[in-house]
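Right, I'll just put the structure down here and ask away after.
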Amino acid sequence: MQILAEAEDLPKTANIKTQLISLWTAPVFGVVLLIAFLAFPGFFPPMSPDMTAEQVARFYSDHTAMIRFSMITFNLCGVMLLPFFMVIVIQMKRMATQSHIFAYCYLTAAVSGATLFALADIFYLTAAFRPDRSPELVMLLNDMAWMIFIAPVGAFVAMNLLLGLAVFFDNGPNPVFPRWVGYYAIGTALAIAPAASAAVFATGPLAWNGVVSFWLRNGAFALFVIVMFVVLRNVLHRQAVEEGVAR
Amino acid sequence: MGDFVAHTEQTAGEFDTAAASSVSSTDGQRGVHLPGDVHMWVMVLGDLIIFGAYFIIFMVYRAMKPQEFLTSQEHLNINIGVLNTLVLLASSWFIARSVQAARADDHTQALRLTYFGGLCGVAFTAIKAYEWSTKIAQGYTISSNDFFMFYYMLTGVHLFHVSLGLLILGITVRELRNPRRRRPFMVESGATYWHMVDLLWIVIFALLYVMR
Amino acid sequence: MSSTISAQTSQSAKVADNGRTPRAGKRDVWLVFWIVPAFYTAFGVIFFALARVMPPPRPDVTTDQMVHFFHAHGLTIKIGFGVLVLIVGGAGVANGIVVYHMKRMTVGSVMAYAYLGSMSIGALPGCLLVAFCFLTAVYRPGRDRQVLALLYDLGLLSYVGSLGCFTTAYFAFAVAILYDRNNIFPKWLAYVSVWQIVTEVLAVPVFVSKAGPFAWNGSIAFWMGTVIFGFWLSCVIVFLMKANERQPVDEPPLD
């Protein structure tokens, strides 16, 4: 994006620049989080709810270092994805033919969803903190960690439904997002929603280690960030050009 | 949003005054010119105080377990430490020369020197990553003992400052490439921060690698 | 959104000071402002004196000692954290007034929303989880000792070890200040926020270390973090006050 000379010091340019910074935190920290994801010894394959307390306790004592490295990284860097979603809020507020209520609901949903994401790693880390803790209690912490990581999809489902609705309502002459983004958001919501049942099922594809609740859910989320990064780059560029900030 | 444009025009004047004030002491009497701006100096001095506290705490724990610290220190590769120190000193030299070039309005040279300085910073990071991976492969991790926890944490937070420094050098590069800007205080601020990063490393090197 | 002069506000601002120069800033913003130091004072009393979480009790203790901690401080934990649960809305207020002034900057709203979001996230693992772990621990006498030890660890690890939410908030705050032309906050406050990020990074070892400077009660991971936080918070309160004073009384309401 080539910022125009005359626009350099204007507030609307700073608006574009801060959005660009927020946008780019996604790939930068996305890579870091991906490394943390790959590093966690309990994701390949994902730990089974069937494991006995002894097996869980042994897992934590055998792999303490990598568990800590991975979860500390999630702890420190996970919330850095939030500014990316705030760019979506800003863009939803630019939609001309609606009241922006979807944008505010999106904002609050994003915050509540991210809160649970921020909570999950604390449980993994507490489980790994004392090797001499009773295996039953380690399993308790592990159960809560997995449930809090996988099952709370409601906020992200709501966010995507809201984004979809907003795109469909944005039917003036100059829509912010291309229309397919609305369908994609709804599709993502549908792909992620079944993972809520990980809180209930202990076996099968809907359990927290199952193909639907683990791989589909996390894959759909990662894909959403990647796709929306590209979309938002274009949207921001268009905004900059429209507002006379860039060429 | 439109209301703020008026506000901005008002405060843009303020902004220029602020920029001017950092160099205005060179007008009139040949007084002391504070390179860069006050804000960066707050950052640098505060950071030095904070790191100073970390160093003092390191010394306290070293005094409590001198034998453990001495034997652990032997596992550090002092050659890599020296290499890193030289790399960072070189980068500071490049940056200092780039400030001189910028003041002399030789912006192409200033830009080139900033790139070299940044490259040294990248080299430092790569060498540090290599050093950490060899240590971890040898079994010296953050939880090995107190010394190694200090080692990883001090070099780690220093590395965080190096990456911030690279970001700041990037901003300096953008400043120098833009013919409408090239404000001296921006270049100087960036250099001030970078020199602080270098200074911190020298102390860390001395405490962790050298001091017996 | 045309500018509206709030005649009523400027009127009452003039009347309020009995003929002296009217204090600048808006009355509703001042009202909210004073909640901030009041809340944090109460927070300090609760966390230092009552709940005994600042400084935190040691990680390198036996289960017996953890059980003893809860027995010894059961009453003050109940009072302190019970009150916290009632007044924790003050944290929302403190975050809200910062967001308000961030929105008066010339950088658009994305960083304000990121700050709002991250600080809101932080309230749960970083403040309330320890309250509920400890309240649960002292709720029933005779709870299993190992369970009490779990609540002790979980509460304190989450309290000292919630790092990312605040890191993101300080990042958003720093970026917004550095790009802002209205000089709502001074630029060096952005750098103080960067120090805050440094203290978060230095708290990473609390998940590993049970004693020494990097434990959850350690001189580096806890004490230095708390001192720098105290400094940051004081600066923020002072500059909120200055931002209030400098705000023109007739500035139109924010979008």
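To keep things simple, chains are lettered A, B and C as they appear, and every chain counts its residues starting from 1.
What we mean here is this: a contact is a pair of C-beta atoms (placed from the backbone, for glycine too) under 8 Å apart; a residue touches a chain by one contact, two chains touch by 3 or more.
Computed from a predicted structure; not experimentally measured.
S.K.: Chains shared as neighbours by chain A and chain C?
M.R.: For chain A paired with chain C, the chains in contact with each are B, in label order.
S.K.: Looking at CA centres, what chain is most distant from chain A?
M.R.: Comparing chain centres, B lies farthest from chain A.
S.K.: Using the stated contact rule, I'd like to know whether B-C or A-B comes out ahead in C-beta pair count.
M.R.: More contacting C-beta pairs are found at B-C.
S.K.: Between chain A and chain C, what distance separates the C-alpha centroids? Give it in angstrom.
M.R.: Result: the chain centres lie 25 Å from each other.
S.K.: Express in whole angstrom the distance between the two chain centres, defined as the mean CA positions of chain B and chain C.
M.R.: 29
S.K.: Could you tell me the distance, in whole angstrom, between the mean C-alpha positions of chain A and chain B?
M.R.: 33
S.K.: Listing for chain A: what residues touch at least two other chains?
M.R.: Within chain A, residues 9, 11-12 contact more than one other chain.
S.K.: For chain C, write out the residues touching at least two other chains, lowest number first.
M.R.: Residue numbers touching two or more other chains: 106, 181, 201, 204, 208.
S.K.: Could you check chain B for residues that touch two or more other chains and list them?
M.R.: Only 1, 4, 8, 12, 143 qualify.
S.K.: Spell out the residues on chain A that touch chain C in their complex, using ranges where they run on.
M.R.: Residues 9, 11-12, 14-19, 21-22, 68, 71-72, 74-80, 82-83, 86-87, 89-90, 93, 107, 110-111, 114-115, 118-119, 122-123, 125-126, 128-130, 133-134, 137, 140-141 of chain A touch chain C in their complex.
S.K.: Mind pulling up the chain C residues that touch chain A in the complex?
M.R.: Within the complex, chain C touches chain A at residues 106-111, 113-114, 116-118, 120-122, 124-125, 129, 146-147, 149-150, 153-154, 157-158, 161-165, 167-168, 171-172, 175-176, 179-181, 200-201, 204, 207-208.
S.K.: Would you tell me which residues of chain A are touching chain B in their complex?
M.R.: Touch residues, chain A against chain B: 5, 8-12, 65.
S.K.: For a test of understanding, state which residues of chain B touch chain C in their complex under the given definition.
M.R.: It comes out as residues 1-4, 7-8, 11-12, 14-15, 37-40, 42-43, 46-47, 50, 53-54, 57, 61, 142-143, 146, 149-150, 153, 156-157, 160-161, 164.
S.K.: Enumerate the contact residues on chain C facing chain B in the complex.
M.R.: Going by the criterion above, the answer is residues 1, 3, 104, 106, 181-183, 186-188, 190-192, 194-195, 198, 201-202, 204-205, 208-209, 212-214, 219-220, 224, 228, 251-252, 255.
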